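Shared between the two complexes below is chain A, which has chain B as its partner in the first and chain C in the second.
Moving on to the complex of A and B:
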C-alpha cells in the first residue's frame, strides 16, 4: 500500500513540474484573457503603382483592421525577388522586411494594421527595394470647405461662425470650439458657462454664436470635430469692426451724388437762361422789323 | 422740314407752308411708324441732349434689372445669421422683383403727371432708404419689407420713366437709343457681381447693404440727366401769338389757318388729360397692344428660367463650379455687345418699318436655341450654347420695349408699359419655380429645356402671324387717313385762299 501512495505523490510532483507555464513566441501582442476582444470590421485599401511614388489619403473614423496592399509592375529588368519593407512615419516596422516574389508580372505587398487609437494613425509607406513607394496617410475625416477670408461683423452685433463637415463623410461624435489668443495659446469655449457664447451642433455642422461682440472678440476660432479615432481641426477668422468703417465710403458716395446732381441741374439752368435771353433778343428783332 | 412763314409774304408763303406740312407727313411714313404713333405734339430732337438721357436711362435700367440678381451673394451669410432656410431667404429677391413689376402702373401714373425726372429721383432715394434701413435689420421680415417692398417699388420708379423718356427724345434713332439703354442691365450686373463680393469680404452683409444704398443713389444722378424735352421746338406755330403781332390782321389769318390744322390735336389733348388720371383702359382695345400682351405673358414663363438654371445644368453635366460661373460671364459679355448691335440693326431702313418681324424672329430664335440645348455635349458644347443663347437673349431684350413703343406710340407708352409689367408679374415669378419643379420631377434638365423652347416658340410664331395681320391693317388705315388728310389740307388751303383774297380785295378796295 505505501508504494502506491509514493507512486501517486511522485506522479503528482512530476505533473506539477511539467505543468509550469512556458514562454511561447507569438506573432502579435496577446491581449490579457480578462478583456474580451471585440470583432473589428475590416477594410482594404489597394493601390496599383504607376510610376515611382504615389500618395493615398485614407480617412478612418472607427477602429478597424485595415489591410493595405501595394501592387507594383516593376521596371525594365524584373528580378524574380525584390525586398519589400513597411514603414510608419519613416521608421521601419519590425518584421516587415521580406522578399517579394514576382507574380503575374507584378509584385504584391500586403499587410494588415490594427487601427484602434490616434497613435495608430499617421503616415504608412510600403517600399519596393529602393525604387518605388506608396504613402498611405491615415487620418480622421478632414473638413472640406473652410472659408479662407474672415467673417466681418460689427460691435454690439452677434455673429454665427459655422464649421461644416461634408455630408458624404461620417458624422462627428461631438464638436469642440477654441479661441486662439494670438500667442498660439488656445482656450476652449464652454458654452454652458458663458453668456456670450452659444454652441449649436446639428448632424454635420456646428455653429458658434457669439453675442455682444467687442473688438477684442476678433481673431481665430478653431472648431474640432471629434471622432472615435481622432479629431480634425478647422478654423475661421473673425473680424469685428465699428459702424464707422462702412460709413466712410457711404458718405463719400453720397457727396459725389449730391455734387453731380447739383452740377447737372446748374448746367441746365445756365443753358436755359442763355436760350431765354437769346430768344428775347430775336423776338425783339422780329417785332422791330414788323 | 418746316419753313417758318414770315408773315408779310401772304399768298404764296401761306400756301407753301400748308403743302410743306403735308409733305412732311408723307415723307415720315416711309421711314417712320404709322401716323397714330407720331402724334407727340413736338419733334423729338433725335440727338443732342438725348444721348445724355440715354446714359441716364442706361444707369436706371441697369440698376433695376441687375440689383435684385446681384444681392444673391449675401444670401448664404444672411441665411446663417437669421437661421432660416434657403427658400425663405430667396423670397427677398422674389419680393423685390414682384414689387418692381407690380409698381408699374403707379409709376406710369406718376410719370404721366410729373414727368420722368422727379419720379426717377424719388425712386433712387427710396431704394437707398430701403437698403440703409435693411442694414440695421433684426429679422427676416424686416428685410422683406425694406429690401423687397420699398426697394422694389423704388426700382419700379426707375424702370418705367427711363423707358418712357427715350420715346420723347428719339423718333428716327429710337431703336438704337433703346438698344443702348437696355445694355445697362448686363453691364451693371457684370460690375456689381465682383463689387458685391469685395464689399462682402470687407464689410460683411450689414456694411455692404449700407454702401449699396449709397451706390444705388446714383440713380438720382441718372434722374438729373433726364431733362424734360423742350416742347417749345415744334413744327406747328404757337397758338398764343406774342402781343405785338395781334395788331396785324394778316397775323390773325395765319393764326386761324394754324387753328384749322391743330384743331384735332387740341381736342385730343383735352381728352388725354382726363384719362391721364387713371389707367388708360382703352389700351385693351388697341390691337397691337393686345398682340404684344398675349405673346409676352406666355413668353415670360420660359424667358428667365434658362438663365437661372444655366450654372446648375452645367454642374449637373459634371462641370466644376468655377467653369459653370464662367459660363454666366460669357453670357453677360455676349449679351452686352449684342444689345446695341440689335438696336443699330433695328434702326436700318430695311428693318425699321417691319421691326415687329425682327422681334418675332428673336423670340423664335430663343425657342430654337433652348430646344437644341440638350444636344450640347461637354463643356465646349455648353459654351457654344451659351454664346447662341446670349445673342438670342440680347436681341430679345433690346427690342422688348422698342416694339411696344412702336405699337402704341410714345405718348401712351408709359401707361402701356405699366400695364404690361404688372400683368407680366405672374409669369416672371412663376417661371423659374415651375421649371425647377419640372427638373425635380424628371431628374433631368432636358425636359425643362424642351418646355422652355416650346414656350418661346409658340409666342414667336404667334407674333409673326399676328403682326403680319396687324401691318396689313395699319397700312390700310394709313392709306385711308392719308387720303382724308389730303382732302382736309386741300379744303384748308382753299379756305385760306378765299380769306386772303377777301382781305386783299378789302384792302385794295
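Moving on to the complex of A and C:
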C-alpha cells in the first residue's frame, strides 16, 4: 500500500510541475505552443527584393500558417552576415532579430506566422540591416469594382445598391449593410425588421434594395463582406431627387423649341406677306386677309 | 406660302440646270444637320444608358441591346410610310409629327418600370418618329439643293460623327446628375428640336395633286390601292435601274459597317492595348467625318459622274476592309492605324454619295419614295451583316474571316453598280420623268401658283 501512495504522490507532483500556465502575448502572432494543436493549412509567400523596398499585398480568408520569405541579393559589399529583423506595424517582434548568413550570393529571411484572427492581420515587414525592407500587407480579400459615382434615384422609386466581390477571390461568409448620414455615425440595416429594405445575398454579390425612397434616404451606404479572419468595407453613394430637378432643363428646352418654331413660322409669313403686297396688285385682297 | 426664291426649288426635270442654291436651301442643310444628329447621333450615344439599364433592370447586355436594334429597325421599316405620307400630305407636318413622336418615346421611357416598356417607347415609338423624320429630310434636301447637292448631304451627315464627341460626355453628365430617368426626359426635350427643323421645310405645290384630281372614283378600293402605290412609289420596284441600285446598296450595307463593330475587339485580339484599340476607332471616326465633307465638296466640282465616284469609294472601302486583318497580321500598329484612317475616309466618302445618286436614277420627283424604299430594303442587310460577322468569328476564332467576307460583300456591291444602265458613258443619262398628263399638270400648276401667291415658275412646266 505504501508503494501505491508513493506512486500517486509522484504522479501528482509530476502533474503539478508540467501544468504550468503558458504565457500569452496580446500583440503579435502566438509562437508555436509546446503542445501541438490541430494543424492549419500552410501558405508561402516569397519575395525577391530588387532595390531597397517592396510592398506585397497578401489576401487571406481562412486561418492559416503563413510562411513569409524575403530574399535579398545585397549590395556591393556583401558581408558574410547581416542582421535581419521582423516587424509588425512598426514594432519589432520578440525573438525575431537574428544574423542572416549569405547563401549563394543571397540573404534569406524566413518566418512562419500563425494567422487565426483579425488581430493577426496587418503590416509585417522583414528588414535587412538598415537598408532593405519588404512590407507584407496581410488583409481580408478586398473588394474589386466599387461604383464610385453616386446612384441617382427619385422619390417614390426603388433602387438597388450592389456590392460585388471579385469572383476570383473567395466567397464572403456573410454581408452587413450600414447607412451613414453625413456624420460618421453608421447604423446597421436590419432587412428582416423593416419594410423598406431588402437584402439579397448571392455568392459574391450582395444587393440592398431600398423601396419607397424619400430624400432622407440620400447618403452613404456601406457594405461589409465578412470573412473568418476579418471584414472588408465598400461604400456607395445614393442621391435621391424629386422629379422637379430634371423637369427644369426639360421645360427650358421646350420653351426654346416653341420660340424657334414660332420665329420660323412668323418669319416665313412675313416673307410671303412682303411678296404678296409687293407684287401683283390683283393679290392685294389676299394680302389683307393674311 | 411658297419659297421666296423660285429658282431654289427645282422639281421639274433633271437637276442639271445650274440653279442657284439660295439661303433657304442652306437653312435646310442646317436642319438636316440637326435632325440627323438627333436621330443617328443620339442612337449611337445611348451606350451610357445601357450600363444603367443593366444594373437597374437586372437584365443581360444582350436584352438591353435589343432596345437600339428595335429603334433602328423601326426607323428603317417606317421610312416608306414616312415617304408616302409626305407624298400624300405636307412634308413639314410629317417631320414635325415625327419629331414629336421621337420625343414622346423618350419622355415615356423615363417612366418605364420594366424592360418591355423600353422596347415599346425608346424602340418602337421613337423609331417610328425617326422613320418619319430621316427620309423626308434627306429627300427634301436632295430635291431642293441642286448645285451643291453632295456637299449638302455630306455636311448634313457629318453631324453624326461630330456630335458624338459632344453627346457622349453630355449624356454621361446627365445620367450622373439626374439619373437615367431624368436624362431620358431631357433627351426627349432635345429631340423636340426636330420639330423646329421640320418647321424650316416649306410646303410646295405637289405634282402628285393631279393624281387625286384624275381619279374621280374616290372611295373604291382599286383607286385607293393605286394612290397608295403611287405614294409609296411601288412602281419603282419594277424598274431595273432602281432595283440594281438597291441591290448594290444592300450588298454594301452587309459589309461596310462591320469594322465599326469589330475593330476594337480585333485590335485587342491582335495584341494591342485598350488605349491603342480605342485610338484606332477614334481615328477611323475622325477620318469618316472628313471623308463625308471632302467627298461632298469634290463630287460637286463636277469633274466626274457621281456614280463613278461612288463606285470608286466603295471599291476602295471594300479593299481596305479586306486589308485590315492583313495589316494587323504583320503586327505593326502604324499599318493598322493607316488602313483604318483610309477605311474611315472611304466609308464616309461613300455615305455622302449614296443618296445623291438616287435622283440620277429615278428623277428628282420620285426621290422621296425612292429613298424610303431604299432604307427599308437595305435594313435587311444590316440585320444580316452583323450576326454573320459574329458567327464567322465564333467559328474561325479570329476576325480575319469576318473582315474578308465583309469586304467581299462591299466589292460585290460595287460590281452590281457597274451593271447600271449607261454606267460606262461619260455623261449622265437623262433622268426619267414621272409620266403624267402634261396639260392638266400645267394648268393645275398655274392655278396653284396664283393661289399661293408665287410668280409662275418659268422653267417648271417645260423642263426636260
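The definition used in the following text is that the second predicted complex is superposed on the first by the 240 of 290 C-alpha atoms of A that agree within 3 Å, B and C clash if a C-alpha of one lies under 4 Å from a C-alpha of the other, contacts with A are read in each partner's own complex, and residues count from 1 in each chain.
Assume a contact is a pair of C-beta atoms (placed from the backbone, for glycine too) under 8 Å apart; a residue touches a chain by one contact, two chains touch by 3 or more.
For clarity, every value in this text was computed on a predicted model and none was experimentally measured.
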Here chain A is shared; do chain B and chain C fit on it together or clash? clash
Which superposed partner A:162 touches (first chain B, second chain C, both, neither): both
Touch test for A:276: chain B only (first), chain C only (second), both, or neither? second
Chain B versus chain C as contact partner of A:253, first or second or both or neither: both
Larger contact residue set on chain A - chain B or chain C: C
Contacts for A:120 in the overlay, against chain B (first) and chain C (second): which applies, first, second, both or neither? neither
Contact residues of chain A, present in both the chain B and the chain C interface: 149, 151-154, 157, 160, 162, 241, 243, 245-247, 249-251, 253-254, 257, 260-261, 264-265, 268, 283, 287
Considering only the defined contacts, which chain A positions touch chain B in the complex? 149, 151-154, 157, 159-160, 162, 207, 241, 243, 245-247, 249-251, 253-254, 257, 260-261, 264-265, 268, 283, 287, 290
Chain A partner contacts - residues on chain C that touch it in the complex: 1-2, 4, 55-56, 58, 175-179, 181-183, 185-186, 188-190, 192-193, 195-196, 199-200, 202, 453-455
In the complex of these two chains, what residues of chain B are touching chain A? 7-8, 77, 80-81, 83, 121, 201-204, 206-208, 210-211, 213-215, 217-218, 220-221, 224-225, 227, 242, 244-245, 248
In the complex, chain A residues that touch chain C: 149-154, 157, 160, 162, 241, 243, 245-247, 249-251, 253-254, 256-257, 260-261, 264-265, 268-269, 271-272, 274-276, 279-280, 283, 286-287
